[in-house]
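Both of the next two complexes hold chain A, though its partner changes from chain B to chain C.
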Partner chain A sequence: MRGRPSLYTSYEQDSSLLNTPVKRFWVGALLATLVVAPFRLSPDLTLLLATAFIVSIGAIGLNIVTGYAGQVSLGHAFFIGIGAYTAAVLNGEPSTTSDVLGYGLDMWIWLPAAGLMAALAGLIVSPLAFRLRGLYLAIVTLGLVFIGEHIFREAEVVTGGVGVGRRAAEPELFGFSFADPGTVLGVPLARDQGLYFMALVVLVVMALLARNLARSSVGRAFAAVRDRDIAAEVMGVSLRKHKLMAFTISSFYAGIAGGLLYTITRFLEPSSFGLLLSVQFIAMVLIGGVATISGSILGAAFVTLLPRAIEEAPRFAPFISASASGGFLTTQQLEQILYGVLIVVFLIFEPRGLFGLWVRVRNYFKAWPFSY
Partner chain B sequence: MKVKLMTLRTGPLVLLVALMVLLSSCSGREDGGGGDDEGDGAIQTDVGVTEEPCPDAVNEDHGCIYLGTLSDLTIGPFAALAVPITDAQEAFWNKVNEEGGIGDAYDVNVTEFVEDNEYNPEIQVQKYQQIQGDILALAQTLGTPPTLATLEFYKEDDVVGTPASWWSGWEFEDNILESGTNYCFESMNAIDYAIDEFDVTSVLAVGYPGDYGGDAAAGAEIAATETGLDFLGAVETAPNAVAGSQEAAIQAVLEAQPDLVIITTGPAEMAEIIGGVAARDFEGRFIGTSPTWNKGVLESPAAPAIEALYLQSSPWEPFGAETEGHEAMREALGDIDPNDGYTSGWVWSYPLKAVLEAAYENGDLTRAGVVSAATELETVDYEGMLPEGAGSFSGDPNDTVFREIVITEPDESAPSGVTTIEEFFVGPTAEGFEFTEPCQSAE
Partner chain C sequence: MTRFLQSAVAGFAQGSIYALLAVGFVIIYKSTRVVNFALPGLMILGAYMVVYFGSVLALNFWLALGLAILAAALCALGIERLAIRPMIGKPVFAIAIITIGIDIVLRVIVNDLLGSNVRNVRDPWGLKTLELGAVVIQQRRVAVVIAAAVVVSLLLVFFKYTRIGLAMRAAAFDQEAAMAQGISVGMVFALSWALAGGLAALAGMFVGTGSGIDQQTAFVAIKALPGVILGGIDSIQGAIVGALIVGLFEGFSNTYQTQYLGFLGENVSQVVPYVVLFVVLLVRPYGLFGTPEIERV
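Up next is the complex of A and B:
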């Protein structure tokens, strides 16, 4: 049916991932650009993009439970933390002198284990969602963050304790270190490039899996639970089963993101996994677009790159001060204000988030030269 | 047939390949680092040293050495001290530049790469990695736990750093250029002093977790055991940003009822604890390690309690002292509100200056050259701010470690709020202590 891309002759075609040639082309072009990008960008920007990719995995996770299945969770930071510490403990140097645990295991063990431990924690807390929904669930998961923070602070053998911290996991897979890749296939790679490709590959795999989940029967069941739980149950969708699945899968994503995220910073401190981190993830989902995978990635990239963009702000607006102590507004204050303002603006003017903006642009060009 | 190959399906592919070739053909990357391998004459350089003059250089014809700063500049517990430390170091290096820089060939810049670590090890590591590729060494790396977190990276990258911290372990590290004695000896001397001056039979240590509070607590425990005092344990407390309040520490002090408390926190937390226990009729004495003091506490409601109960141990004399170095510092800083952060920032900068000069003399201003110059350094001219014998970085730590402290007391009329009441001394415990490894608490 060439030339009539919107005409579907089968369900398969309708629900396929890349249903139009234009999409196929642009996804290919995007991937190609992403492969080339680290060779063109400066090392610190490359690392920032790698961070954005990994954070995207976490944002996709939150979007599965909050966006697709409609179970608002403020506890995402807790699962990120579990993933990060599982990875750090399994990979850490086994040492008799140091007080923190370490088993020196390889990435093929610690990465899945980070996801699985977080998933287990998600499984354990998911019964909360059987009894509660909406605002009540949000408040209860908020409690989870505080419990988690307390545990992370006190469990010094695992976390090093507050104000002290510990080394994070090193990304070494079967003796190959992404942080020190050397020459791969004839191309010499630096640390930032190695981490970038690691993040990119894991993100593509995880995003594809999530997208497949969303368009399968499970995804439709999630949407049914979200849109009207009683109606969903009447249709034979088990609320328990699907809420449990949503929490477990979401936490798995958070765990993977947590484990990988700290391969970039290389050090983690317990107070990082507080409410602010949860709020940032909520912001990613709301700014990016609820119940979309590409929206989660856009949102994560936006929130990750925002601080960097703001660092440049003093050049254009002299009343903003780059130094921490002076001026009418510091860049740090501006950043926090912007999170709030952006959430409000997006919720009011474009509830579909960045993804919604993208859809508008796309539709404009689809109908071009007509306005609708 | 050939025409048929160029269908819509292969079209995008061809375009893609073309795009990739186009994008990959030119690389926008510089090879990392800011330096080049050929230096002026026979001087070797690599990262963080340029032939171009510094931005706003004092000597336009000099090259530039970039030093990084990782300090607690905004919301951390030591911001009130760290900002003056950083300012004093800027003044110090500015004076060095005005006097001809390093070897009359390089100016030193400490203002381009100043980052805020918020006294958080995770942020410290992150910020370090941001500036790592642009600096030769670190003019300041603040805090024991943050510096310990980054230490392995310093070693990997051959970066030498001046700690804004007095942990006993620095003596054993080649990459760290510490000045003055450490918290461990400081507490030992403080206890020896207290035994001579007041009636003391029991000691409690209160401090931050990790190796800042831990080091002082270990020293206190060693001294208490040596002198037969009753050591009542170490109470861990955390900065208010983390712990919320110091109520738990106050309760612990009141329960233990020690005669002497060795306190190793930030200034605000110290004021809160002393104010809190004094309000409940506690009459034991407090001796704080130097980062615990900031004269701002004399304006807090706890001021009367602090004046009555608090003494401060310090690795060097306060802002108003009469030495050549102190005078040079006051002159360089000009009209500022005095604070002992300035004093510390100034003192700490001497060894790095000596190391850079030695490395320049050796003709090797590479990172590796700086590290080896640092390990060979035998004396540092502190211009009288520390006695002779301080500032040896080669040889056995047990022989080279500097063990003397001064004791100061709160004094509203003094420039930085404290005056010296006991000049440099070393007590019998610290004197006889076999220093073979960083002090660790027996707990």
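Up next is the complex of A and C:
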């Protein structure tokens, strides 16, 4: 089939991961850029990108349950929190004097455990989705965030309590810490570069898994449940099984993201897992593109890099103030307003999100010069 | 016994505030099939407007309240026209998420205007009390119960006996059929948003009586949602009952939880509405009075 790359002769070929040579080339180029990037960027930008990668894992998780399986969840912050605290507790320093729990375990234990604990929570919550649909489910998962916030505030043995907080997990794998300067294969890595590569590797693995899930029979079943649940059930797709799977897998992703996310800031505060975090994840999924993995990553990168872009805003618009007091709007307020405005604008004008914009551009050039 | 009655009254008053908000949720849901997550923003906007007209412009309290209700209703009208009307026919989930976006914007702006201090709404009740035997009741609690009862009954009468109310019920029942009868469905959408905005402002003022309003006040409105869902999202009477139940649970847990269930920590009453919601929905997925969805294949 040389010279005719778009001719597929088998179903496997059509649904394979990199089904066109263009995709193969550009994914390779993107990965190469991402590997070189931390050696060229400033440390703070490198850390920001690492954050974006980790947040992407959480966004992929939300996209699995909300985008692919169509079960609206506003409770993502709760699962992120469970992952973060599981990691912090398992990794924390075991001491008898301190008030917070800690077991001093290695990353190969706490990272999967963070995912599994969150998955367990998702499993417990998923029966709600058997009985409720649509907006009822959204409101109940909203309640989950408030209950979770309360638990995090009050369980001081685990979380350190409001205003005190606790140290987050240290990414130390078999004695090698990603968060400290070190040497890998003869290449010296600074703290930011170590964290960057840790985040990148985990993201690539998790994104591949999610992409494979989406193109397997399970992914198609999710889409069937989303598009018309009764029709799906008539065709033999078990609603219970797939809703349960969607919630569990999504929460696993959230747990992994939660566990890793705070290795960067090194500190955890119980009030960070509120409604705003959930809404940020919803914003990522909607801005990036519903039911696409690359869209989730785009959206997460966009939402994570947005504050940085806004920090530059006072230079161009004098009514925005960088300090917390003066001016009509502070940068932080502008940032929150922009989440809101962007959600509204994308939903009204481009429901497929950034991924949809990309598809438009791509189709324009595919059909060029016959564009209409 | 005194303690029991006092917490019951407090819970009932809180439930009345939820009822005002719940009716707003239900009116919008019935006419547009959207859960309006922007109601917390509208509520805090209304409450701030009372502060603004009452304290900053130093108007009479009742005049300030009236103007605030009007302002919130106008704001709701604007939101409906700019952000909700273009989305007609799109998935309801998308519209609900849009209202979340609007809520964020509203809350940030109002919080900026509010500042970091607690602001007093300058209500005429203050912390004055009423004594019935041994039971001491705050006047503001009596006021909110009466106000909610009057406003909600007026609304029910409005829906039942006026032509516009009839039009709204018709549009809620079947939009196309209503349009075919010459009812302007757009007007119904606008009116229901304005009504909900006004109710939210009234509720916001009552939330502010006693302790004043601050940047966290908006979250009170989210606690009305469990009441709405509890009663069934498409039933006004149900929502009122649900809101009162949630309020009573909150009142009792406020009084008795530290005594009997102390291990749950402080401020449990703030999450009790959601716990009640979880339990009820697992037993009755459509709430106490909601109509089960009939699926035709």
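By definition in this document, the second predicted complex is superposed on the first by the 370 of 372 C-alpha atoms of A that agree within 3 Å, B and C clash if a C-alpha of one lies under 4 Å from a C-alpha of the other, contacts with A are read in each partner's own complex, and residues count from 1 in each chain.
Please note the rule applied: a contact is a pair of C-beta atoms (placed from the backbone, for glycine too) under 8 Å apart; a residue touches a chain by one contact, two chains touch by 3 or more.
Model, not experiment: these values are computed from the prediction.
Three-chain overlay on chain A, with chain B and chain C fitting side by side and no clash.
In the superposition on chain A, A:Y136 contacts chain C only, with no contact to chain B.
Of the two partner chains placed by superposition, only chain C is touched by A:E154; chain B is not. Within the superposed three-chain model, A:D227 lies out of touch with both chain B and chain C [touch as defined at top]. Look at A:L286: by the touch rule set out above, it reaches chain C but stays clear of chain B. Using the contact criterion defined above for the overlaid structures, shared-chain residue A:E312 touches neither chain B nor chain C, since it reaches no partner.
Of the two partner chains placed by the overlay, neither chain B nor chain C lies in contact with A:D14. A simple residue count on chain A separates chain B from chain C, and the partner touching more is C.
This overlay, made by fitting chain A, leaves chain B and chain C with a least C-alpha separation of 6 Å.
The residues of chain A shared by its contacts with chain B and with chain C come to none at all.
Across the complex, chain A is touched by residues 35, 83, 86-87, 90, 92-94, 96-98, 100-105, 108-109, 111-112, 222, 225-226, 229, 233, 264-268, 270-271, 273-275, 277-278, 281-282, 285, 293, 295, 297 of chain C. Residues of chain A touching chain B in their complex: 2, 21, 24-25, 28-29, 32-33, 35-36, 39-44, 47, 161-165, 167, 190, 265-269, 271-272, 324-325, 332. Residues 8-9, 12-13, 15-16, 19-20, 23-24, 27-30, 32, 73-74, 83, 116, 119-126, 129-130, 133, 145, 148-150, 152-153, 208-211, 238-239, 242 of chain B are the ones that touch chain A when the two sit in their complex. Taken together, the chain A residues at the contact with chain C in this complex read 72, 127-128, 131-136, 138-140, 142-144, 146-147, 150, 153-155, 230-231, 234, 275, 279, 282-283, 286, 328-330, 333, 336-337, 339-344, 347-348, 351.
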